[in-house]
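I've put the structures underneath this note.
What follows is subunit A paired twice: with subunit B in the first complex and subunit C in the second.
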Partner chain A sequence: MSALLEVDALSVGFRTRRGIVRALSEASVAIEPGELLLVVGESGSGKTVLAHTLLSLLPRNVDVAGSVRLGGTELLGLAPAALRELRARRMALIPQSPASSLNPVRTLGGQLIEGARARGLSEEQARRRLRALLGELGLDFDFIGGRYIHQLSGGMQQRIVNAMALVGEPDVVIADEPTSGLDSELVETTAAQLQEISARGASLLVITHDLRLAQRLAGWIALLYASRIVELGPTAAFFEAPAHPYGRELLRALPEREGKSIPGMAPELTALPGHCAFADRCPDRFDRCTEALPDLYPAPDGVLARCFVHAAR
Partner chain B sequence: MLRAERISKSYRASGGHVVAVDGASLQLERGQRLGLVGPSGSGKSTLAQVMAMLLAPDDGSLTVDGDRIDVWGVHCRCELRHRVQLVFQSPRMAVDPRLRVGEAILEPLVASRLLAARDAECAVLLHDWATRVGLTYDLLERFPHEVSEGQLQRACLARALIVAPRYLICDELSSMLDVSTQAALLEAIAAIQAEQELGVLLITHDRVLADTWCGEVADIRELAARSGEGEADATQRHASARAAALSALVRGRQRRAMPP
Partner chain C sequence: MSAAGAALRLRGGLTQRLVETARRWPTYMRVAAGVLALLVVAGLLANVVAPLDDTAVDLDHVLEGPTAAHPMGTDEVGRDLLTRVLHGVRISLVIAVLASLAAVAVGALVGVLAGTLGGRADAVLMRMTDVFASQNHFLFGVLLLVLFRPVLGGTGAIMLAIGFTHWPSLARIVRGELLSVRERPFVLAAIGGGASRHRLARRHYLPHLLPAVGLAFVLTVPHAVFHESAYSFLGLGLEPHQASLGNILADGQRSLLAGGWWIALFPGLALLAIAMTIGTIAEYWREHLHPRWRSELEL
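Moving on, here comes the complex of A and B:
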């Protein structure tokens, strides 16, 4: 079977008063059904822009180039009605903060059913499916239905938005920072639920800066730095031995490793250099790094890395 | 020493009172690194706000180097408030979006009338603190939405430290940030601590971080005199406390909006 979600040479730029902010440059990834892809990087590296581009949630001051195909259908430039239809039936977003993504002054039952109906289910189907889904997650629809979001614990809130994302049986699920601000117990619950979603056969894209969550979820990882994918490969291989110096230095910054920061800051997205964007901070830098832009080169263990160290292989 | 003794704080909720902190005692010495851990909703942030003199407790006492705090929030004397500074979890919500980053860093000094914004001393202090937290000067001219979350949190750290506090409370300083930025912020704090005998209270969900960075770690569930509620209850309490605070705010607005 061909890859379900294919992103090819996707570039996104925002027109701002400071010039063009290059949020994403020539990103290419593919996610097969049942596969999990982690998108990892610091704030401002382009993670959320990737998710928002896939869902066509970008503002107007944006220029997009490249291609995003879902089951062969090109999403970029699709007519609004067709796009809405496709997004409702085949894609779902698990938002960053469950509590603030639901209406605080409406009970949950009505909101859940409304969400399901927007995905083309009848009221009856919606009830049936929500009952079954929430049941699998250990929640009772009748109990939940009459309550407000603030009356539920963090773990329950997370399960509600997960159920809402799954109700239309989407092909692609995108989770945006699903664990930011959660305590360790809730992180564990959320991780288990995300794995369950992926096991159902959906393509799952998880955006996170939480390296421990990434390691726990496994699957594939795309590491972003200054708008470009700098490493792409199996998550296990990344945590074993990152192929890109940025990945290696990032892992060293974990408190359980060395807790040592990478000196300097990422370059401004309005003035990205024509050479390797990490060169200024890279301990392994050599002449070529400040002269040309590296491609993604094959590194050991089926990894691709945007570093001249691997260019000779 | 920053000393909180038997602090209790509850919020009014629709069904009565929600107890956020119940008789917790905590001491922070100058030069110490103390971690505070506990699940969401266990009262860590409420205790932090009491210890930073922003929130009046229902019961208990707070002393800062022997000075007992009797008035809270804006009524508390600046001189006392400056001794304890708080850095919040979300920098975007912590600064005025209409102030440039540099103005936001200077705001505590200007607001407490220690300096006027056009004083030459301001420019010197601003550049000094920007360098210490790793901000480049061109970022100081930007608005908060034009810098990254990590850069803005660096500015929030500078803003807390510019009034020369004796104690710094970091409430989930880095839970929104990548590990390298987290390490950079902690390195900046460590450097200042070595120089100024700053006492640091690091509130975090990350037990590994607390164990590796702090000399000592306290669990808020063990600080309370009369605790014993389960963790699920704690999360629920947290959510209820938020809802209660929100509805109190809305009611206050409505009252103000009503004709006399």
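Moving on, here comes the complex of A and C:
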């Protein structure tokens, strides 16, 4: 049985004046119905680009190679009308920063109904479903309706964009940094909401650099470093014992662990090395690391890791 | 039934909101709104409220100061000045409003085209805008008047002259606003939610452009009143017998030497009142009514 969402050897490059910025290199992941996949990595590692590629929200100066299939249908190069239909009905985006993702000069009521109607609902259906969805999240549609986005608290804003994503009953929900700029209490609330979305049967792709959120959400994890997936496996296994040195150093950098940051910097995306991109910062480096690019090798606990340490296995 | 009910509710809500807004106004705003309303009503009803015919010559009562029969006096051919000022308010306001509409339409059109088409069309349109903006707009208006007055007549030529010289700043604002709103995250989010281009334009771009366009319109009106007066004063605008404020002022200047101060004073006051009240209201609107838009637009 094939997965619901299959990303195969996806590469994304931006043509810029400084040369081609390799935002994503040969990324392959698959999500089954109802599964939760975390995409984790530091800023500039290609996380948001992955989310935007899945929905074809990229700017024009971009080259995309590889394949993205939803239920067997290829999404890359889809005609505009089909693409719109897909965004409206089958996939939904929970955008980064809810406050700026809603129009500041329009009241929320009109905007939410409008958004629901873009997803093919009638006015009556839209009203009914929004009322129900917001109600489940502890919000009153009539209270929200006459207000503007800036009049609500961060937690309410987050709940509204979550409700908006669910209104079309999508198969796949992509959450882009759902907790950026939220305090720890709201992170907890958001995590609970995301799990709720997952429990409804939608597949969930969560993009985050918040490792605590990742640990809380469990499911599967894909760790990105310098445009490549370096580790892919169950989240629990990752937090138990990361298979890739980058993952291990990343966990070590958490304040509640050792609070020890990784020396050096990630390579420029315009000049990625032909060998392991983490080699320069890796404490376990050996000769081969600076000679060739590692594949994803099977590591213990069903994990795949892009490190020669696991190549022998 | 439900549609009629909704319309009724909407109208009730609007009146209520207007009353609530007016209650928050400071005294100077109430005065400005009151005076403007009075002028507009008096101008619109000039034929009804004005005591006499605005072109009726009465050579027995030439250059008379304010009296009970002629509260604002008479001019050098004995026409009642109150009547002429009321008609002047009407003509000047109508011309100013229509000319401002024309200016705003041209500005919005150029701005939207430049912002939407982009690339070479954008460059051409914006350089054209620069050329227009770099000219002295009053002299350019005079040129347009001289060229088109024989074809369109005084009224039409004045509207054209004002409308065609007051669009560049709005075109720039609209283009800039359109370019910036398209890059905003909520537009990306809307596209991600399956919104079509039509829906984006109607629901996201338009609400961001309208306040800028509306404000530009209100700010252009008093300016256009001055332009109309200035052109008529120079003898380039309406026919001399037509009672626009500029024409009456031009008469007044001649009569001033004969001691007829009232002929320049009253139309001058009317002109000032129109410009100041609209200007006051526009400023207030800009500063208080839509702080959200103001911060959005950085007007």
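Some points to look at:
The criterion applied here is as follows: the second predicted complex is superposed on the first by the 312 of 313 C-alpha atoms of A that agree within 3 Å, B and C clash if a C-alpha of one lies under 4 Å from a C-alpha of the other, contacts with A are read in each partner's own complex, and residues count from 1 in each chain.
Heads up, the rule we're going with is that a contact is a pair of C-beta atoms (placed from the backbone, for glycine too) under 8 Å apart; a residue touches a chain by one contact, two chains touch by 3 or more.
Computed from a predicted structure; not experimentally measured.
Judged by the touch definition given at the top, the superposed model places A:114 against subunit C, while subunit B stays out of reach.
Touch criterion met: A:93 reaches subunit C, while subunit B stays clear of it. Looking at the shared chain after the overlay, A:105 reaches subunit C, while subunit B stays out of its contact range. When both complexes are overlaid on chain A, the residue A:85 reaches subunit C alone and has no touch with subunit B.
Overlaid on A, the two complexes show subunit B and subunit C touching the same residues of subunit A, namely 104, 148, 150. Across the complex, subunit C is touched by residues 55, 57, 84-89, 92-93, 95-97, 100-106, 111, 114-115, 118-120, 148, 150, 161, 164, 168 of subunit A. Taken in their complex, subunit A has these residues touching subunit B: 16, 18, 41-44, 99, 104, 148, 150-155, 157, 180-186, 209, 211, 249-250, 253-256, 259-262, 265.
On subunit C, the positions that touch subunit A within their shared complex are 184-186, 188-196, 199, 203-204, 207-208, 211, 292-293, 296. Contacts from subunit B toward subunit A in the complex involve residues 39-41, 89, 134, 136, 146, 148-151, 172, 175-184, 186-187, 205-209, 212-213, 231-232, 235-236, 238-240, 242-243, 246.
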